[in-house]
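Presented sequentially are two complexes of subunit A, the first with subunit B as partner and the second with subunit C.
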Partner chain A sequence: MEVNVKLFATLRDGRFKEEKANINENTQISDVISKYNIPREEVKICLINGRDADLNQILKNGDTLSLFPPVGGG
Partner chain B sequence: MKVYRVNMSKLSFSIEDVPERWNTLGGRGLTSTIISEEVDPTCNPLGSKNKLVFAPGLFAGTKAANSGRLSVGAKSPLTGGIKESNSGGTAAQRLAKLGVKALIIEGMPKDDKWYTIHVHKDGVNIKEETELLGKGNYEVIHTITSRYGENTGVMTIGQAGEYKMSTANISVKDPKGHLRSAGRGGLGAVMGSKHIKFISLDDNDGEGIEIKDKKKFDEAAKIFNKGLLRHPVSGEALPKYGTNVLVNILNEAGGLPTKNSRMGRFEGAEKICGETMHDIIVDRHGDTTHGCHVGCVIRCSQTYNDKDGNYLTSGFEYETIWGFGAGCMVDDLDIIAHIDHECDDTGIDTIDTAGTMMVAMEANLLKWGDGEGILNLIKSEIKSGTPLGRILGNGPDFTGKAYGVLRVPTVKGQTMPAYDPRAVKGIGVTYATTPMGADHTAGYSVTANILKVGGSVDPLKKEGQTELSRDLQIATASIDSTGLCLFVSFAVLDFDEVFISVLDMINAQYGVEWTKDDWNNMGKYVLTIEKEFNRKAGFTKNDDRLPEFTSEAIPPHDAVWDISDEELDKVLQF
Partner chain C sequence: MKEILTPRYERNYKTISVEDQKKLADSTIAIVGCGGLGGTMAEEFARLGAGRLILVDGDTIDETNLNRQLFSTEYNIGAKKVEAARQRLQAVNSSVKLTLIDDWFNQDNAADIFSGANLVCDALDSIQRRIDLEESCHRLNKPLVYAGIAGWFGMLGVSLPGDYSVLKVFKDGKENDRGVEKTWGNPAFTPWVMSSLAVAEAIKIIVGREPALRNSWLQADLLYMEFETFEISK
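Our next item is the complex of A and B:
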């Protein structure tokens, strides 16, 4: 199945902004992070379809996964 | 320390001792105390009974990093309530070095003449000013710097302040000779009503800062400063991308108010986001990171150049880029930077001017997405003080009334900033209940709602939001009294030793023995006197409500505002 992966801020360095990823059933967010060689501690915020998600949440076909390092402002 | 008091009715000046009860007050705590004690809450904000108070924070001029924020207070012509607006720049540290705990300006000249105030170690000089009337803030700062020398602080109003517009701000010269602003609440109009074009500050031979236990203070300051650099948000993210890194995360989370809060996502987000801005700044040899005051280690500010590599603007913030960008459907960062420059020069708040432009688009004065049109309205109408400019310069509520627009994104007359209250509910509680009118900085629930700092509270659910907002409003009122930049909060919230170091610095500097309870009580005290001022000014609990359109669902999550009036009424009951 296919999911849309979006990276932001420093996670883009040497990688990409947005990419379609082919994944197996029962793939967790943490598996996708590993697939792109992103150190786990660099990911602070995970959203699936714009909602808060845990690293062990399982992705569904057509999901958008957005990953952020620690960011702030105001 | 001492208080400098200027009376513009008599054109006189006095130096007063600091009342003992003001000893451990600074910044917002002190401006709100003075306004509460000395200003009639029912007065006309642009009349002789209002006062304008400038106060450095408790730590101004010390080795504590990020301690140079300046608080400015008055009764607000925009909200009709009490106002504290704070700013970076070099003024707070100069006042502290002069030993001035507060500069209070009262009264109003009886004639039509305009004046300037020069602040120095022996007091102030009040002089008539003619040369710089009608000039923008950049020209004022450059002229005063050449008139008095590089090492001179400046606080100034642009044309909007001279016109007494409710969105007029007060700008403060920054270390690079550009400007920062005490933006919100129309304090520039209060300064204009007193016919003061600018205030210059010469801190030469000032008496300096008194610290009771210097060794203890220095030890605590070292822990505090290291903590700011160790936190990934204040140590890495803010220096690299500035505040505009938030465009993408709010857009992804569905909380980026787009087209006057009709949608939570903006198609043009990638074109105006912090990552794109960072690359443009590097390409054009701008400056991706600098501090708004000496001693800032977070350095979230930047210098944005135009296509030819010439200076265009600085302190180019997320709120500004959201407001004129997603809020007005403009996806061109260069035009937004030009708009920011014109707002700064004219002396108008970017958030309230963006809210006004959204209302102008509702009224078909402009088409959605017309960035050039916004720029033209500011340059040709607001800056020139035309009849249309005077309507727009008085903010979104005034413009909405003039054009019969119902969809006006304000609370207490002040524009809701860059987080939709339905999709980021904790910030909605703050917009509704803070005494300041809609203000994200008064209790920045975006931390736990979106950024996962200081805990985690689901932004789309109502559970936990009122407690989150209350706790942050209390903590913020205390932080604002220290003169620390609000961005120290990321480390203060997440690292115990950084919070303790703040208490240790207060105890060492002022010879007191504050505990965590005293810290919380300071925040509660500030909020209580501010609420009381507003009550006497005529506010009721019905003013602590969001605009009616927030009952409509906002995509992509179809979120609605579902925190009840009864829940809101309890938020600041201590």
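Our next item is the complex of A and C:
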């Protein structure tokens, strides 16, 4: 199945802004993060279709996954 | 009133009416952190005519601040940040009263520090202290405007008592108190843009308008020049 993956801020560096990803059934958000070699501590917010989601949430066909890093400087 | 009806503010009147200017002059705004974000926020509030500013920062200026922090110059390396702020802000607008707190915010000193404040601005650089600050603002019934920066990127939002938006966005600072700014730094344009956006939200709260970023946050990307707002789940 296919999901739409959107990366934000520093997560785009060396990767992409938006990409269609082919994934297997029962793929969790954390599996997608691993697939793109994103260090776990660099993901602060996960949204599925605009709603807050946990790392272990399972993706469905057609979902849009948005990932954001912690941006905490002042 | 005579301090309001001066040429200093007259070109703002279509945007900030005389009545709103009076509300600003009667307001006390606390800024927690006088670094990249806080310095520019303080400058803008002084130019806008805030009545009193409470500035909270226990740090001193060093050379690494010169890339972005408004109060830092080649002449005041080693000075207390709040003292550098006083010198700059008095020169900008001497009618603004300043309460300078040469100390770090914590949950225990919050009630004293924020006494009389109508609004608090989070210009901190620690995720855990941002979460603590929101908790204090919730307890003390103060509206909060928060902003964070890293590299080309920033985020910004408003948290009113009970919203806990900072907690929902930053989640936890215990494991990683600093975000990706620890590798990406903060070049001048990012804090200046984000602090200006924060002040625009803050002014709306002071004059009684609806802020745009309650229960949502603005994600700013200055590399691709993208500004996108996301809802925060309740």
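Operating definition for what follows: the second predicted complex is superposed on the first by the 71 of 74 C-alpha atoms of A that agree within 3 Å, B and C clash if a C-alpha of one lies under 4 Å from a C-alpha of the other, contacts with A are read in each partner's own complex, and residues count from 1 in each chain.
One rule holds in what follows: a residue touches a chain if its C-beta (ideal position, glycine included) is under 8 Å from a C-beta of that chain, and two chains touch if they have at least 3 such contacts.
As the structure is a prediction and not an experimental result, all values here were calculated from the model.
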Q.
Output check: A:25 vs subunit B and subunit C. Expected answer is one of first, second, both, neither. What do you get?
A. neither
(Q) According to the stated criteria, A:71 is in contact with first (subunit B), second (subunit C), both, or neither; which is it? (A) both
Q | Interface residues of subunit A shared between complexes with subunit B and subunit C | A | 8-10, 12, 17, 44-45, 47, 50-52, 66, 68-74
**Q.** subunit C contact footprint on subunit A (complex, rising order)
**A.** 8-10, 12, 17, 41-42, 44-45, 47, 50-52, 66, 68-74
Q) Taking the complex as given, what residues does subunit B use to touch subunit A? A) 232-234, 236-238, 240-246, 248-249, 252-254, 265, 270, 274-275, 300, 317-319, 440-441, 444, 446-447, 450-453, 456, 458-460, 486-487, 490, 556-557
Q | For the subunit A and subunit B complex, residues of the former touching the latter | A | 6, 8-10, 12, 17, 44-45, 47, 49-52, 66, 68-74
(Q) Under the stated contact criterion, what part of subunit C meets subunit A in this complex? (A) 33, 35-38, 122-127, 130, 147-155, 168-171, 173, 175-181, 184-186, 191, 219, 221, 223-224, 230-233
